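Consider the two complexes below, in which subunit A is the common component and subunit B and subunit C are the respective partners.
This part shows the complex of A and B:
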């Protein structure tokens, strides 16, 4: 029922007609926000990597990561960009404070009029707004939600290192590992760049939660050699780590090592559920006990297949055993990790070279599938004058001999030619054998395919690196013994097609260094002759590498392949990923899926 | 075997090519000679393909032979149209092969050796045409020799880039 007050109130309102208005005289005049006001968002799209940390921290779920036209997904960039919903945003600015690249900011603009509520969901930096170029807005100089500095890894001092082959990296303590793990923002942008797509945020969280058993399981889900990778991985993940944009990237490799080293090895099998594995009837042969073969064997065995590995050498490990120096990867680590495969029931047949002791035909017929991970063991030659003289060596032979406990004769002045990890290893090993070492590289430091820390290690250990130097001849004495090397200085010329710049020799710039040994380390290729012409006719090989499909299956139906002889990245983690993919591919084939 | 090519074989040990130059009286003579040289390369690569120890190296040499057939066809087009044009562009010379040791044309060559062989052959042809160009006065003949030298230089660069990409990846 209507009250009398309701009837009279429209008339009583007329009493306000002479009161002074409380609204502003000119509603259209500018009334800017304070300089550090938290207004509408801006985003520098070119700086943003779509890590999604802003989305994750937003308590109000006001941010969604969405695809944007013209922004492609690539290494280190998800291709997504944040979309803000002002129906939910409370302008707390946590998203800005946590932004790993500093691309997401806030203007001091706070007025925005629109009749369409959908307008208030927009993608800063993509949907153009009047405040896009506003320099004022939320700022908190010197403040960061996370620590930009990496927990330093303790290493042997350079002067200690060069006297022995002791492992130079000491590893994190529990406290150090947890502190470093705390820096992770769990964006997961690293996962895509890891060839094995390891669950990096997952195992780092396991460190934070002090749940190392879970951490170990997560490692083994995609990588059965975490202790090895925790030491020698090329850590592509760290190259794209989002917190590495403004600070040091997270020490992902060392954290992986921490988990693998901290869990007692005797407990591995139990934690990983490997005590009782199913024993299937089908049998897979693996050629080569390098990282790809070991990885394939591990996952095939967990799937219940019988596995036999044929290895031409007397020990497993491939390049990790015979190529990587022991100061980077101690022998016991290798033996321990690979030894677990024997306990899982994988059969190893050492000193058995396919094509020599066993014909490939026999293997192919006798086994249900074959995986080949034979690596690249044939070195490219320098192909310069006197390369075959006494005192001129190939790096992979030299490194193998040293790892076998021999001491190759190199004298006291060594030159290593090349700029990859093999060259760095050869140089640092030569240094440990007491030589004065120089590296000659045709291009610039920034063009070196080696890991930057290897280059840094060389420099710390007193190895002299001469860049833009093209070796032209090995100089020998009357007895054909190396006495020096001649090189020409080079200028870099740009590549019209956008490739890396090319070195061009400068005429008349001949320089000679007196040396007692020359070590060539310019790269390797595969040797497939052991298969025989008939099989080689059927095997698709392009530019020296076996062509495989997404299951690592070659053009020969039962033959799968991986590692250096397939992928050009030529590192342990890519080989491990190949082995895992191949195991799944073989399983599909043998299950008839 | 045509007349000019026979003369080339006869005089190929003449370092300054002074005798050879007298055998070229027209653009037709020069083109016949150049075409014969390309055919000689085709024959070499076909032979190496047939003798290759692996199907992969056979394919490499067959692809080299196909490239040389392409070069020959290009020259034959010039011959039939009577038109050629010297492009005013310096072809890049990475000088990779300058310091590499010679490779003999034997069986069992690796991919690296095959590339060295190809680079050296193209460089030798380039040098020959440059030399011949300096020894003729007729502007038309000179221009044709320069064109041929430029062609050979391009062919060499193609092999140099492959060598730089594959063999010198870590060098």
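This part shows the complex of A and C:
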């Protein structure tokens, strides 16, 4: 097998003598990394929201989220920024791929000399580095390591909706909920924006782990009305959801609803440990059975206090019962959640108005503490001509009547004035009563304080929205019955003080719409007269709202307050949070802490 | 020594076998000396040590010692989420990390019912073949390297560098590519990549010819390599010999053909088998040489057949807490050294219960090597060891 060729052949290597050498002789010449090179990190600090998914995915614990000077903690921004330790980093770039905002990238720079070992631990984007402006380097290759698309929620079709008061939203199935829960990156940015600071990542993980009992416990830790909030919450959490920056925010509200709906109601008491509540001697009175009152009652009861709720109306629930239309929140949900309080031993006294049936004085002396969650019930008026004519209604009265089972006379052509959730509710309820509906709003669509999905719902249901329209007078016939409304078109003028643009009426642009009813929905205010002048003098009220401290204690020592009459955000979840805070405040006071 | 394996009967000049089946070596007689080969031997791709008992310059007994490179990877995996294992697995075999990436991805995908998109599967096939070629470019001329002929290795390292450039522009890194992510791949081909790769392959064609003349048609190499480190074809199954080492013994073992994965079933190729059953150092290197030639042809074929564009990542569960359903699997692929497999167990949580690597070096370098070294010359230790393509990082994981 050995041939003569085998002796000569290796000498062929001499043929390479004239080949050009391929090694780089000069050690200092720069060789830039490839376009996708995974080099040193860069971070666009203004885009970064400090969600910490980079820290979570890093297998080497090379990333720490640290506070940074000049970056404030605010809604939707933790105020923290990633610091990378190059003693640990393995350059895998999973942090870049998982980044929810796309702010974290890598440069193609791979050489760096420093005498100080501490230099190799820096905050990209904050500590200036030569590669900060390098365009080349690893970026997210255009995919997502979590699902950016929300699991579609099934709803009734618009043509089906407007004929009845059936609940619009059908709710998630187990598969849908688990799929949606899987999208959560558990950054927890939502927790800070939730007025009640619910443990959102916690209960979403419970859905993923199919541990709904734990999920329910976590819900009730901070919110005793999860079924209501799972339907009508203003979901500030979703506004700041980190995966919402590039994709759809997580459907946190629907997931909360899924837990509350999926656990059989009969098991609630057992799971929450409400069978054996401590019995205390002290007794707390609560004025108003709205969300804040119910929340305060629940937590006070779990702390062992006796609780009595005084409610002027015949049913509990407050604004959630009387203000929210049944297609958004069916009646049985309310009754179920509130029924549990009765089983817990909370005493309800309906049709009992303080100042009428019971004097506030008596209450204040008879009970160890008083919580007041009376809401805003007095509508603001437009202050235009013929506003009190027949056929000119106020939205909250209108909604209450409908929820009570009455059918107010509105005819077939309705104009609703306002741009908040109450206006949208009034419009959509009128549509269900068979009327053709138009909404008049002073500013632009993007200025509407209402939830975007409410506006979308209105549009789907064929409700006409006229923006930049300022009503000037209600037109009546000889019998003082509404026949039309006149409004002026407006142009938006930017505010010199930096506030939101203001509508300014355009002279001579009067337009008249013929209507059978006008519904005003421009807001409400509180009515505190029932306290009596003596107490009113002692109570510190600013701009129509009661002033309280961090324990929700008012200027009257034993009186605590919460909900719309205290809180300008005026939504159910803030009221619930107030109730919880007040319960803790009352506990502190009564225990003499 | 394991009593199952008997010492060849004609070794009368060498230590006799005692009643317990062990060799009777009396070190005080002065006839035998124990020496350590390694753990830092340039002929070994990593740190591994051989305890040799020599008589003159012949080896009468060899024991393999590992542990110099143990980093506890398999234990580390149990403390990482599934996705966090992805950047870690590559370190289990430095010269060919992509096989690790593929095995992890395949195991995770199989257990959770995810299928990588078509384009990603082609890219994976391409990358695995590129990785094979990269590794072979350094290993094949290594035959000369172990015998003091370093020139071929220098040529090979340059050729390998050309491919590392391609890896760099495709994956963002030269060595730890971290490209085959569970669910797909991490990028499409950059502009002009195909042309540059094809031109590199042309250079490699030329290199192959030169390296054949230098090393394989070389009287000295033949004199030393032919007949050295003979692996009897009957040992293939006894010792779990796989891949090129088995093919050199005339046993056709190639996972790409036996259990086709990715796109190999759609590709036209035949693994080279040494019909003469040479099964010595020379034969094993020659099989690898032919593998190198075949791989170049296979890469050209893949580039020709693969789609130009497509999805790179399937819709995977959230990578931060990817829970793999309860189950276990064994996935394998053909590395340049033979069958490379992962045994993965999930208890249904976000963390692997067990990921166990079955690499070819484990059997080749620990059990088989001890047998092959007996009777060999000290200077033949390196050629024998490298001819089995020992990769200590993959033994100690």
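Observations on the model:
Everything below uses one rule, namely that the second predicted complex is superposed on the first by the 567 of 593 C-alpha atoms of A that agree within 3 Å, B and C clash if a C-alpha of one lies under 4 Å from a C-alpha of the other, contacts with A are read in each partner's own complex, and residues count from 1 in each chain.
The rule is simple: a contact is a pair of C-beta atoms (placed from the backbone, for glycine too) under 8 Å apart; a residue touches a chain by one contact, two chains touch by 3 or more.
Owing to the predicted nature of the structure, the values given are computational and were not obtained by experimental measurement.
Legend: residue contacts after superposition of the two complexes on their common chain; A:376 is shown touching neither subunit B nor subunit C.
By the touch criterion defined above, A:5 reaches subunit C but does not reach subunit B.
Once the two complexes are laid over each other on the shared chain, residue contacts for A:310 go to neither subunit B nor subunit C. Shared-chain residue A:442: touches subunit B; no touch with subunit C. By the touch criterion stated above, A:22 is placed in contact with subunit C alone, subunit B being left untouched. By the touch criterion stated above, A:398 is placed in contact with neither subunit B nor subunit C. Contact with neither subunit B nor subunit C is seen for A:327 once the two complexes are overlaid on the shared chain. According to the touch criterion, subunit A has no shared surface contacted by subunit B in one complex and subunit C in the other. Taken in their complex, subunit A has these residues touching subunit B: 380-381, 383-385, 387, 417-420, 422-423, 441-442, 449, 470-473, 488, 493, 499, 502-505, 521-523, 525, 528-529, 533, 536-537, 541, 543-544. Within the complex formed with subunit A, the residues of subunit C that make contact are 80-81, 83-88, 151, 158, 165, 168-173, 176, 178, 184, 186-188, 190, 210, 213-215, 217-220, 222-223, 226, 312-313, 315-321, 323. Across the complex, subunit C is touched by residues 1-2, 5-7, 9-10, 12-13, 16, 22-23, 33-38, 53, 56-59, 90-94, 97-98, 106, 138, 141-143, 145-147, 182-186, 205, 208 of subunit A. Interface residues of subunit B facing subunit A in the complex, by the touch rule stated above, are 53-56, 92-95, 98-101, 110-113, 116, 164-171.
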